[in-house]
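The two complexes that follow have subunit A in common; it is paired with subunit B in the first and with subunit C in the second.
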Partner chain A sequence: MEIVKKVVIAGHFGVGKTSLVSRFVHQKFSDQYLTTIGVKIDKKVIELEGATVKMMLWDIAGESSAMKIPKKYLAGAHGLFYVFDLSREETYRNLDTDLFELNKSLNGNPAIVLGNKSDLVEETFIEKLHSSIATDFKITSAKSGENVEEAFLQLAKEML
Partner chain B sequence: MNQPAGINTLKQLLFEEESKRYQELHEKIKDVEQKMEESLEAQKLPNAEINALMDQMMEVMPERLGPTITKTLKVQIKESRDDVVQALFPIIGQMIKKYVQQEMAVLTEKIDKQFEAALSFDHLLLRIKAFFTGVKYSELVLRGTNEPQIQEIFLIDDESGILLASYSRHKSIDQDMVAGMLTAIKAFVEDAFESGDQSLETINYDLYQIYIQNFNRFYISVVMSGVMDASFKSKLNDTILQFVKDVTIKSDQPDQSELTKKISQYFDKM
Partner chain C sequence: MNLNEIKFRPLEKKTQVIVFDQKGKVLETDNTLVEVNPEGVNIFEDTILCGMEEQFLSLKKGEQVELDCIHTDFFGKESHYDFVVMRLEEENPSYGLVIYDFGAQYNQLFDLQQERNMAQIQSHRLERENKELVDEKTTIERLYNEMKDDSSSSQYILVKADSLLYNLDFKEILYLEAYGDYIKVHTENKVYVTHNTMKRVEEILPANRFFRVHRSFIVQLSKIENIEQMSLLIRGKDKVIPIGKSYKSILLQKMDQL
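The block that comes next holds the complex of A and B.
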């Protein structure tokens, strides 16, 4: 059985969304599309629980607020990654508001929050952040590859 | 001239010394003449050698100096790109102009030929066809020069951009990603121009045209080569509408292979 799912990757400027996608897939389209129309499509096919899952990844150009993301880019999404930069507070300061806004377009579909660039911060800082932020998040590093594959597989499972 | 013997004897007596000096001078001049001739002959030899050397150099030069010249030129072009562009622009511009003129001439010739043959049986048929179908005669003639041809068809979910089915004469690029990008471009244009209920209908690129027909939950995108005239567009629209009317399309996980088969059935004959 083959299943096709649309996955949106959103977050502030420079949090590492494109780098995370690059870690996960072999890109075919140029990154220039991101700056031209604000989105770039990539594809990753994975085998999961006896099914072939085609993940169509919509890597959306960074915005300072989720309100600014064109609604049409979020439409029909089966899953979402919200990425923030662990080393830049302004990228997760309005995390709850941004997630609330994005969830409106998700129709109950799963969303996973990723705290990226774990290679730039101390372990103790991450522990403190976990206790200060109400929303659960998974730490990743596009640089070292930490948790990248796992995050995508987790979302694929939740979408099935 | 014969002179009396006395006069000759007198000459000898009077000019004996002068005669001797004259004889000596004559000998000297002859000597100088001979030396000059010899010198000229000697000069000819080095010239020949130089000529031979020049010939040899000309022969060896491309092989020996070619790579160095090419390398130098490359560096020069790289370092003064603007100058090169400025120098080449008028030439290339002229070339393009010439090419376009030539192509226009070819097209004019083609059309002329079509008109010249206007009284032929085929064209009589075209005129009858134009009369009954309502399509302009000139349009039918033009259609003959650059007929439209369907290259690819994509049936795409309007919201997610997921490919529901496709038909292609030559598969080249990942169709799932093309479907996604087409949806993104469509969404971008519709969003950027705040078109409300209006949707993107055509995208033109070079000799190709992407025709988009929007429906409630999905859209059909037809990639075509050639010139799409009004009657072809009408025929294409009719076929698309007939296809949508006859075939049940479920946006949520449709049977791709079945849908692809159906698309081929409907659009192959176009």
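The block that comes next holds the complex of A and C.
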């Protein structure tokens, strides 16, 4: 049985959304920053709990606020990743507001917050951030691959 | 409505039209951008419309959904496309998918956007580094002041007099007086005469405790009993010390006043 799921990846520009998708889909990483224009669509087929899940990954161009994301990109999303850069405070300063805005388009579908670029910050900083941010988030590094596969599999499970 | 009827629309040069049914089966295509073989191709399985059936099947005749600036591989050709899906017929529903290839235009936009994003990331980084530097400076200043306070409250100075080195606590020193090529160090109980200059001594003594009030006198500020017009009195002593004209205003600035 094949199940198709649309997954939206949102967040500020330069936080590593495209790199996370590239790591998950192609097992590749590049240090070069190339901005995304509009939306970049990739797909990855995974086997999960006896089902074939085709994940359509909508990697949306980074915006400084979720309010600026065109609603038509979010329409019909079965799940969402909100990505921020652990090393840039401005990318998670308005995390709650952004998530509130995005959740309006999700119709109760799951969303996972990812604190990316864990390779750039100290462990102690991450611990402090966990206690200062109310929203739960998962640590990832597209560069080292830390937690990337796990995050996508977790969202896939939550969408089933 | 068929493919030719859709084509009356003022379409761009790099445009392709695909007509498909409600199951996603390709009915017609003009293959102007990419080669699509209707046999074995399903729009809802093989394109970016995958997973969006519900959204399109709920369209009414004449309604359309526009998805612009989509970077994807479309039947083997990777580019930036705009997609428009419209419902063509109510009976035996059919749908039109118009694909516009805007690769060249979006590449120009990419250059601008890349520059803008890089500038903003750089600007935020500089802002953060600047804040960190200010915080660091504040911390260093605080530590320096704490260190200075600690050291000044317990610091000693060696004074060579009478062929001996006397270890004097700053707290003991009342004032210092120029005496030819020598300096007289006045303490509570004794005067030490040492070979030195006022300039050198002024540099050695902590500036927060000692101040040169005259070309021939340096006093410990905490030992001042009172200040008159052009002189001051040392606490517990009857010694009156002159204040040089050029030193007075700075002296008053250094001392807190009610």
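Methods note: the second predicted complex is superposed on the first by the 149 of 160 C-alpha atoms of A that agree within 3 Å, B and C clash if a C-alpha of one lies under 4 Å from a C-alpha of the other, contacts with A are read in each partner's own complex, and residues count from 1 in each chain.
Operating definition for what follows: a contact is a pair of C-beta atoms (placed from the backbone, for glycine too) under 8 Å apart; a residue touches a chain by one contact, two chains touch by 3 or more.
The model shown is predicted, which means the values in this text are computed figures rather than measured ones.
Peer 1: Is this a clash or a fit when subunit B and subunit C both end up on subunit A?
Peer 2: With subunit A aligned, subunit B runs into subunit C, so clash.
Peer 1: So, does A:Glu89 touch the first partner subunit B, the second partner subunit C, both, or neither?
Peer 2: Second partner only.
Peer 1: May I ask you to decide whether A:Gly62 touches subunit B, subunit C, both, or neither, giving the answer as first, second, both or neither?
Peer 2: A:Gly62: touches subunit C, not subunit B.
Peer 1: Counting only touches as set out at the top, which of subunit B and subunit C does A:Val4 meet: first, second, both, neither?
Peer 2: After superposition on chain A, A:Val4 lies in contact with both partners, subunit B and subunit C.
Peer 1: Taking the superposition on A as described, I'd like to know which of subunit B and subunit C A:Lys43 touches: first, second, both or neither.
Peer 2: After superposition on chain A, A:Lys43 lies in contact with both partners, subunit B and subunit C.
Peer 1: Please pick the stretch of subunit B from 21-29, 39-47, 57-65 or 237-245 that overlaps subunit C when the two structures are superposed.
Peer 2: Of the candidate stretches of subunit B, subunit C runs into 237-245.
Peer 1: Which residues would you name on subunit A as touching subunit B in one complex and subunit C in the other?
Peer 2: Touching subunit B and subunit C on subunit A: residues 4, 6, 33, 37-39, 41-43, 54, 56, 72-73, 75-76, 78.
Peer 1: Which residues of subunit A touch subunit B in the complex?
Peer 2: 2-4, 6, 28-29, 33, 37-39, 41-43, 54, 56, 58, 70-73, 75-78
Peer 1: Spell out the part of subunit C that touches subunit A in their complex, as residue ranges.
Peer 2: Answer in residue numbers: 48, 50-52, 54-55, 65-72, 80, 106, 109-110, 113-114, 117-118, 120-121, 124-125, 128.
Peer 1: Which residues, counting only subunit A, touch subunit C once they are in their complex?
Peer 2: Touching subunit C from subunit A are residues 4-6, 13-14, 33-43, 54, 56, 61-62, 64, 72-73, 75-76, 78, 88-90.
Peer 1: Within their complex, state which residues of subunit B touch subunit A.
Peer 2: Within the complex, subunit B contacts subunit A at residues 157-163, 173-174, 176-177, 180-181, 184-185, 187-188, 190-191, 253, 256.
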